[in-house]
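Below, subunit A partners subunit B and then partners subunit C, in two separate complexes.
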Partner chain A sequence: MYKRILFFGLFLIIISSPALFCLTAQQIIEKAENRESFQSTYSEGRIVSTDRFGSKESSFKSWSEGSESALLEFSDGQRVLKTKNDIYLYYPDAEVVIRLQGSALRQSVLGSDLSYEDASGFGDTLSNYDVELISDRLLNNRDSYLLSLEAKSKNVAYPKQLIWVDKDNFIIMRRELYTKSNRLLKEIEVLEIGSFENELVPKVTSVVDKLKKESSTKMYLDLLHLNVNHDKSLFSLQNLTW
Partner chain B sequence: MKLIKIAYRNVFRNKKRSLLSGSAVAVGAMTIVFLFALIEGMRLDMETNLVNFFNGEIRIRDRDYEKYEKYNPLHLNIIWDEIEPFLIQHEDIKAYSPRVVFSSSLYINEKMHPAIAFGIDFALEAKYQKLDDILYEGRLPSDNENELLVSLALAKNLNLKIGDKITLLSTTAERSTNAITLSIVGLANFGVDSMKQPITWLPLQRAQHFLKMEARVTEILLKVNGNRTLVTEKLRTQLDDRDYEIKSLQESDIIYDMMEMVQSVYYMIALFFFLLGSTVIVNTTVMVVYERIREIGTLRALGMHNRLLTTLFLLEGVIISSVGAFVGVVVGSGVSLLFNRIGINFTQALSGVDMNISNIIYPVLDLKTPVIVFVYAVCVSALATLIPSTKAAKIEVVEALKYV
Partner chain C sequence: MRRFLILVFVILTPFSAFALNTKMVLLNTLMPNETDSYTYFIDANINLSVGGLIQSNVKSELSVNYSSFKQKLSLDKAYIKARFGKSQITIGKTLLDYSPFFILDASKVLFNSEESLFLPLPNRWLTTYYLSLGNFSFLEATVASEISQNPTVATRYKTEIKSLSIESALAYRPIEDDKMSLASYVGVQGAMALNWAVATLINISPFDKNSLLISGAVFKPFSVAYSDTLTVKFESLLKPFNIKEFYLNCELSYSIGNLGTLSLIAQIEALKESRIITNGTFNIYQDFFIIGNVIIPLKEKFLPTVTVGFSYSF
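Presenting the complex of A and B:
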C-alpha cells in the first residue's frame, strides 16, 4: 500500500514538475519588462541610418526617469521630450514646440527606420496585448522564448507582434511588428549585448522598416549610467526650449 | 476680265443664296481665327507659367535629381557659387533664378498641413519675372529674415493672414528633420491652378540654412536669348564636366511638348471646318447650275468652251468665299482682340486640371493667323466649287436647250 502511495506521489511530482518550473507567457513578459525599466538613466549613443543614398550618423544624449519620462537630444540640436501622454519636438529655429499626435507619431526620427512612437518605447505590453507563448526557439544559437502578441484594442501602433525573449537574461532579442492582416512592418533585433554598471542591456540594435526600400538603422549605446539623480524640471516643456 | 464681270454680276443675281454661302465661309473663318487665337493664348500662358514657376526655358539640376524626385532629395544639389559666375558671363543667358524646392509640413494649431516650399532669391527673381503681378497683398520677404510669402489659396484654406507666424517642418539635405518659424509678410496670387496648391516662398538663404544646404540650390531656371534647343546643347557641351542635368522646356514638360506637336492637328480641324462650310457653297452652286441650265445651254450653243464655263462658276465661288472669308477673318480677329483685353474665365472648366494653365486665358492673335486663314478659306471653298462647276460644263447643249 505504501509502495502504491509512494509511486503515485512520485508520479504526481514527475508530471507536475514542468508546470512548476516553466514560465507562462505573462511571466516572461513581466520579467523582460522589469529588467528593461530602471529608476532613471543617462545614456549616450549613435544612430546610423542607411538608405539608397548612403549612410549618416547622428549622436544623441538621453535622460529618462521610469518608463514615462524621457528626453533625447540629438547632435543637430533637435530634442524630443516624452511625457506620460505626449511626445514633443523642439528645433532651435522653431519658436514653438511641436506636439506630435496621430499619424505624426509614425514619422521617422532623423530619417531613420525608427519612428517617434518606437523611440518612446513599447509601453505596458500586458495591458495592451494578449500574449501567448508559442514555443522555445533558438535565436542566433541562444535559447529563446517565442511569444505572440495580439492587440486588445486599436490604440496601439502595431496590432500584432512576435517577440523572442532570451531565456538566460530575459532581454527581448527580436521583435517583428505586423499589421492586423499579418503584413510585416518592422524588424527590431538586438545584435550585441553590453554590460553597463553590472547590468546587461542591448548595446547594438538593428531596426529595419520593411515599408522602406534599401533602408536600415543601427543604434549604438556607448554609455549608460543607471539610477542617476535628475532635476525634476528636466522633463518639462520649459526646459525643452532652453 | 469680262468673265469676272459676269461672275460678279451672277453673285448678285440671287443675293440670299450668295449671302448664305458667304455666311457659311465667314462663320468657319471666324471660328478658326478665334480658335487659333485661343490655342495660342493657352500655349503662351502655359509657357509663361512653366518658364516662371516650374521649368524655366532651360532648367539645370543634379543629374540624379529627377530619378529620386519623389523622395525630396535635397542632397542632390548644385553649388550655386560655382555656377553663378558662368551664368553671369554667358551671352545667351538673359535671366536666371536659383531655387530650393522642397516638400514640407506647416505646423498650425497642433496640426500638420502639407505644403510645397520654394527658397527664392527675391533680388534675382525680380529680374527673372514680374513679381508685382504675383504679389496680391503685403510685401515680399526680406533676404535673411524669417519671412514668408504664402499662396492665396493656402491663406484662405488655413485662415492665415499677414503677420501670422507659422512653423515649417521638412527633411533636410542631411536627410534629418528640421523646423523653422517664419512670419507671413505677403500673400501671392499665382493664378495657375497647379500653383493653387499650398505653396510658400521664403528667402533662399533662410531655406538653405533651415535645410542645411548652405550655398546650394536644387535647381536653376534660365531664360535665354535665341533658340532654346541650341542654347541647351551649348550649355551641355560647356558644362559637360559637371554632374548636371540640363533640359529645355520641351524636354522637361511633356504636355507642353505635346501642345506644340498637336498644332498640326489644329490645322486638320481647320480644314474640316472649311470643308463643312464649303458644303453650303457646293450645295448652292449645284442648285445654281440647275437653275441656270437654260443659260448654260445658250452659252454653250453660242460657243462658250467648257473651260470658260468651269472658270465662270469657279470665279463665282471665289468671289463669295473671298468676301465670306474676309468678313469672317475680320470678325474673328475683332473677337480675339476683344477677349485678349478682357480674358476668358476658365476657372470652373479647368478646376482639377493639372496643366499649368491660368484660370483666365487671354487669346493671342498671331498676325499670320488671319492671312493664313483667309487664303486657306478661299482656296478650300473655291476648290469645293470645282465639283459643281465641272458638272455644269459637262451638260450637253441639246439636253440643256430642252429647258428653253
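Presenting the complex of A and C:
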C-alpha cells in the first residue's frame, strides 16, 4: 500500500514538474516587466556617448510615477515629459514645446544612440508583441531565457526583437532590435547590475545604434530612490517649460 | 563695456553654484545692396544660461549679439525668472511669443507689426506673472515695453481639454500713430491624423471689423526609411474683410537621421514681396552645427542673400 502511494506520489511529481518549473514565454515577460515597474522613482545618472570624434558626457535626472508619467531633465536644460498618451519635448533655446510623433520619436537623445522612444520605455510587451520562447541560453556565463518578439501591429518602433532574460533575477540583460526584414537596428546590453534600496536594477547599460558608424552609448545609473512621494504637479507644463 | 560687465555680474552672481550652458553662433552673410553688388557682414551671438533646472527656483539667461552690418553690440536677452510654488515671475528682456512653433499665427500680431509677419518676434523688456492652474493650464499676465512706445499689457489663459490645446488672450497695445487698441485672441491646436492649429484675432476696443485676422496651420511628419523624417507644414493668415491681403508659408523639411535637416520654404505675401528659402543644418561634431541658408526674393531681380555659419553649445 505504502509502495503504491509512494509510486503514485513520485509519478505526480514527475508529470507535474515541467508545469511547475518551466515558465511560458508570457510568464517570463510578465516576471521581467513586473520587476521593472515601480510605483514611483527618482533617479540620477549619466549618458556617455562616443563617436569617431570622441566622448561626450551628459547628466540627467528622472522622475516617474507608474508607467504613465515621467519627466526627464538633461544638464543642458532639455526636458522630456511623458504622459499617458503623449511625449512632449522642450527646447530651451527656442522656448518651444513639441509633441513628439511618428519617426520624431526615433530621434536621438542628445546625439546618443538612445532614442526618445527608448528613453520612455518599451511599454507593455504582451499587448504589442507575440512572444515565443526560443531556448535557454548562456549569456556571459549566466543562464538566460532567449525570447523572440514579433509585433502585432505597425504602431511599435521595433517590429522584431530578441531578448535575453536572466533566469535568476528576471532582468532583461540584452535586447536586439530588428526591422521587419530582420535588419539589426540596435543592441542594448546590461553590463553591470547594481543594488538600490534592496532592488537589483541595471546600473551600467550599453546601447549601440547599428545604423551609426563607430558610435556607442553607455548609460550609468548613479542614484535610484524607489516609491518616492512626488507632488502631482511635477509632471506639468510648468516644469517642462521652466 | 564696463556697464555690460556689471550687468553680467548682477545677473549671474545668484547662480554661481549652478550649471552654466553656453551657445555660440557665428553667421557670415552676403546680402545684395541697392547698387546690385553685395555687402558682406558678420553676426555673432553668445548666449549664457544659468539655473533653470527643475529642482532650482531661479533661472537666468544672458545673450549678446554683435552685427558688423549695424556695427554695434546689442543685448539680445537678459532676464531673471523666479518661482514660488505655482507662481512664477520673469523680469528682463526676453521672447514674448504665444506660438513660437508657428510663423503665421494670429497671436504674432499682438506683439508685432503686420509689416513684418515673417520675421521672428523681437525680444522685449517685460515683466510677466505666471500662475499654474493645473498640469496643463496656466494664467499669465505681461507688461512689455518699447522705448518709443506705450507699454503693452496682455493676459493669457491656456488649458488642455482632452487632446486639444486651447488658449485665449487679451492685449492692450499700441497700434499706428501711438493709438492704443484692445485686441482679443483665441487659438486652438490639436493632433488628429495631422497636427493643426487655428487662431483668430480682432481689435475689440475700438471695434474694427477690418482688423479681423484668421490663421490656420497643418503639419505632419512622415517616417522615411527607419530614421529619416519628411515634414510637411502649411500655414496661412488672411483678413476676411480684405481678402486680397493674405500670407502663406509652405515648408518641406527632410531630416537625415541625426546628421541634419534640409528645408525648402516658400513665403508668399500677397500685395508685397514673396521669397523662396532653402535652409540646411548639419550636425558634424556632437554639439557643433554647420548652418546655411539662401533667401531668393521673388521680384524683378532674383539676387539671393546667402548666409553660412556655425553654432556650438557647451
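Heads up, the rule we're going with is that the second predicted complex is superposed on the first by the 227 of 242 C-alpha atoms of A that agree within 3 Å, B and C clash if a C-alpha of one lies under 4 Å from a C-alpha of the other, contacts with A are read in each partner's own complex, and residues count from 1 in each chain.
Operating definition for what follows: a contact is a pair of C-beta atoms (placed from the backbone, for glycine too) under 8 Å apart; a residue touches a chain by one contact, two chains touch by 3 or more.
The model shown is predicted, which means the values in this text are computed figures rather than measured ones.
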item: Clash or fit (per the criteria above) of subunit B with subunit C on subunit A; value: clash
item: Partner touching more residues of subunit A, whether subunit B or subunit C; value: C
item: Subunit B versus subunit C as contact partner of A:Ser40, first or second or both or neither; value: neither
item: Partner chain(s) touched by A:Leu89 [first = subunit B, second = subunit C, both, neither]; value: first
item: Contacts of A:Ser216 with subunit B and subunit C, given as first, second, both or neither; value: neither
item: Touching partner for A:Lys56 - first (subunit B), second (subunit C), both, neither; value: both
item: Which of subunit B and subunit C A:Ser206 touches, first, second, both or neither; value: neither
item: Clash with subunit B (superposed arrangement) - responsible stretch of subunit C out of 40-48, 148-156, 184-192 or 202-210; value: 40-48
item: Set of subunit A residues, in rising order, touched by both subunit B and subunit C; value: 49, 51, 53, 56, 76, 93-96, 98-99, 101, 104, 107-108, 111
item: Interfacial residue positions of subunit A with respect to subunit B in the complex; value: 49, 51-53, 56, 58, 74, 76, 78, 89, 91, 93-96, 98-99, 101, 104, 107-108, 110-111
item: Touching residues (chain side subunit C, partner subunit A) in the complex; value: 19, 21, 23, 47, 49, 52-55, 59, 83, 86, 88, 95, 97, 100-101, 130, 132, 134-138, 163, 191, 195, 221-224, 226-229, 255, 257-258, 283, 285-287, 313
item: Residues of subunit B that touch subunit A when the two form their complex; value: 68, 71, 73, 75, 107, 110, 112, 146, 165, 167, 169, 171, 174-181, 209-210, 212
item: Footprint of subunit C on subunit A - complex, ascending; value: 49, 51, 53-54, 56, 61, 71, 73, 75-77, 79, 85, 92-99, 101-104, 106-108, 111, 179, 185, 211-212, 232-233, 235-239, 242
